[in-house]
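Written below as structure tokens is the structure these notes are about.
Going by the order they are written in, the chains are A, B and C; count residues from 1 in each one.
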């Protein structure tokens, strides 16, 4: 049997430079991160007792506390609904301005998207801390936080939806000389409404989750009680709050998932 | 080609799926060593199922299949893996590991010769690496040894899959619609490759095709399946124009 | 001459015709309840003046805080934040793999007992607030970034396990079939076919989760779990708005950089 010619490999290919390089980089980063954060596996296990002790105390929920937290839980949901609604309302014009198939001015689009990117970099609790400083302790700070948080998220989801629409109806209307507003109302809106509502509900789910901890920094809702119970070492109350939150989140998720399935 | 003792034989094979669908119905026939057998039929007629019962990728409900005079139904563990080693398989979708190199893909055909821990570290022997080059040379792709599999065209990928099968030193090759996702030109190179292996190495080749023209061009023998039943079986010399139309009639059409 | 065309009468039940009214009513009630329920009395007189000083602080950040070599400056703490996110994400990616295989519906699974229970557990982990986890870990290992790493590691499993599991459910099983038919053992099928097929998606999801972890790590410090959040909450409480300004700037730049880096890497993976 004659030996077939084998293709040549470059030096980098033969010694797997890329693979080894990535592995080394990851290992260096891992070691550096471990140093910087002072990770100590031994300490975790030697203190595991305290952690399990905490879990044991949490596993005995103070059920009578449930009555106390119903009102703040409802407030949490209200905050989420209002915040999401305000955020989504502001998101619509910005989404239209960022959609490449509707706005042909590159500068305007780029500027809008940059602004949205900046808004999205801010974590929710950070916003909450600032708005508590501005508006004082209470649900107002929470609603504003959630509004801004969902604004950043929804506007991106919305403009991605807009960019995938079928352009046929738009061109038809454009050819008969319709105004931009008319085009959006008759050709764009019907195509995207269901997806908009679906994303609105999705954002609402995320906001319900987020709103449960905002109160930790004083921005209203159940989080206030979460912080209180933790500070007072009443872990059996913490457990009730977490369980109740879980139930609320699951119910909202279930309802929202069902509605979204019906819509799409 | 002279007729020798059968390498595979079906004896009253039935296959019923768990949802009650009949896959195969009372199939009995022999396949002789070194034959190029083409199975034709509509999609859903049971061609794929028939092929996969030979290497036990599908289980049968009743009947018996023998490979080299041994019943394969009770094979387990090692015996089953050894059966599969001598039966290579080619798929419609090539089933390569897309992001790996051609070399790695071809070597993976040798998997049954290695313990698991060696495969984990990719410790293939030098001899097998050379074998991989030779297998690739047989499908005229040696120059693609270090290319990523997904950078190849469909026809080239299917030939890599054939090279992978050759690593098993197979006695039988099962090809399930090997050219269904290829264009006419690459179809020819793939089918020619299979025919060459059949003639040069004496590998028994069983191919599922839905194209009658291709079947007539390459087969030694054609069998037809309809609704899980063997409805046609002739050596290529006896296949007449129009014979195969009956296989492609839908059950409703047959009644009419 | 004109012929009258009678439009075909649409056969719709009373319910179909009037159900929208019900929806309007339901949505109306929800919003009425929402707006009535919330108390907006928390509005402070000082809101305007505080906002003004915040804005003033944001445009006049304390540049000297960026780096002073003390290890407590912006650059050091941003790096610490990234370290928390990085380590937490890597650990959680490793923990997520077995969870993903637990929660992924198998091709031969009958009643989805195994995958269903896995999905429930992942939902529970996802819903458990990260902040509470951080506080719990602070009790165990003391305040600092170690607690942050642990919180990110555990919390991220909820989402990564779910995403990994979905990747497994939707993966192309062709190469697995090929290795099995070549006589491979199940372990060999896993190593040679399953892992290479699924790896790029796992890596891509891990990078995506890293982006989220960077955001979480930057706020976990607010409860004492290390990173840039600690000086931030401190600066907010002491109304040192110039310092808040520089920290915000630092976070924004960090997140933008990480997001674009991760996006580049993810594009190359797929």
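By definition in this document, a residue touches a chain if its C-beta (ideal position, glycine included) is under 8 Å from a C-beta of that chain, and two chains touch if they have at least 3 such contacts.
The structure displayed is predicted, hence computed values, not measured ones.
For the pairs B-C and A-B, the count of C-beta pairs in contact is higher at B-C.
At the far end from chain B, in terms of centres built from Cα atoms, lies A.
Inter-chain centre distance (chain A to chain C, centres taken as mean C-alpha positions): 6 Å.
Between the Cα centres of chain A and chain B there is a gap of 49 Å.
Against chain B, the residues of chain A that register as touching in their complex are 1, 3-7, 9, 13. Contact residues of chain C toward chain B in the complex are 172, 174-175, 177-185, 187-188, 191-193, 196-197, 199-200. Listed in rising order, the residues of chain B touching chain C in the complex are 55, 57, 81-85, 87-89, 91, 93-100, 108-109, 111-112, 114, 116, 119-120, 161, 164-165, 167-168. Those residues of chain A whose C-beta lies close enough to touch chain C in the complex are 29-30, 32-34, 36-40, 43-44, 47-48, 50-51, 54, 74-75, 78-79, 81-82, 85, 117-118, 121-126, 129-130, 133-141, 143, 209, 212-213, 216-217, 220, 226, 230, 238, 242, 245-246, 249-250.
Of all residues in chain B, those touching chain A in their complex are 133-134, 136-137, 142-146.
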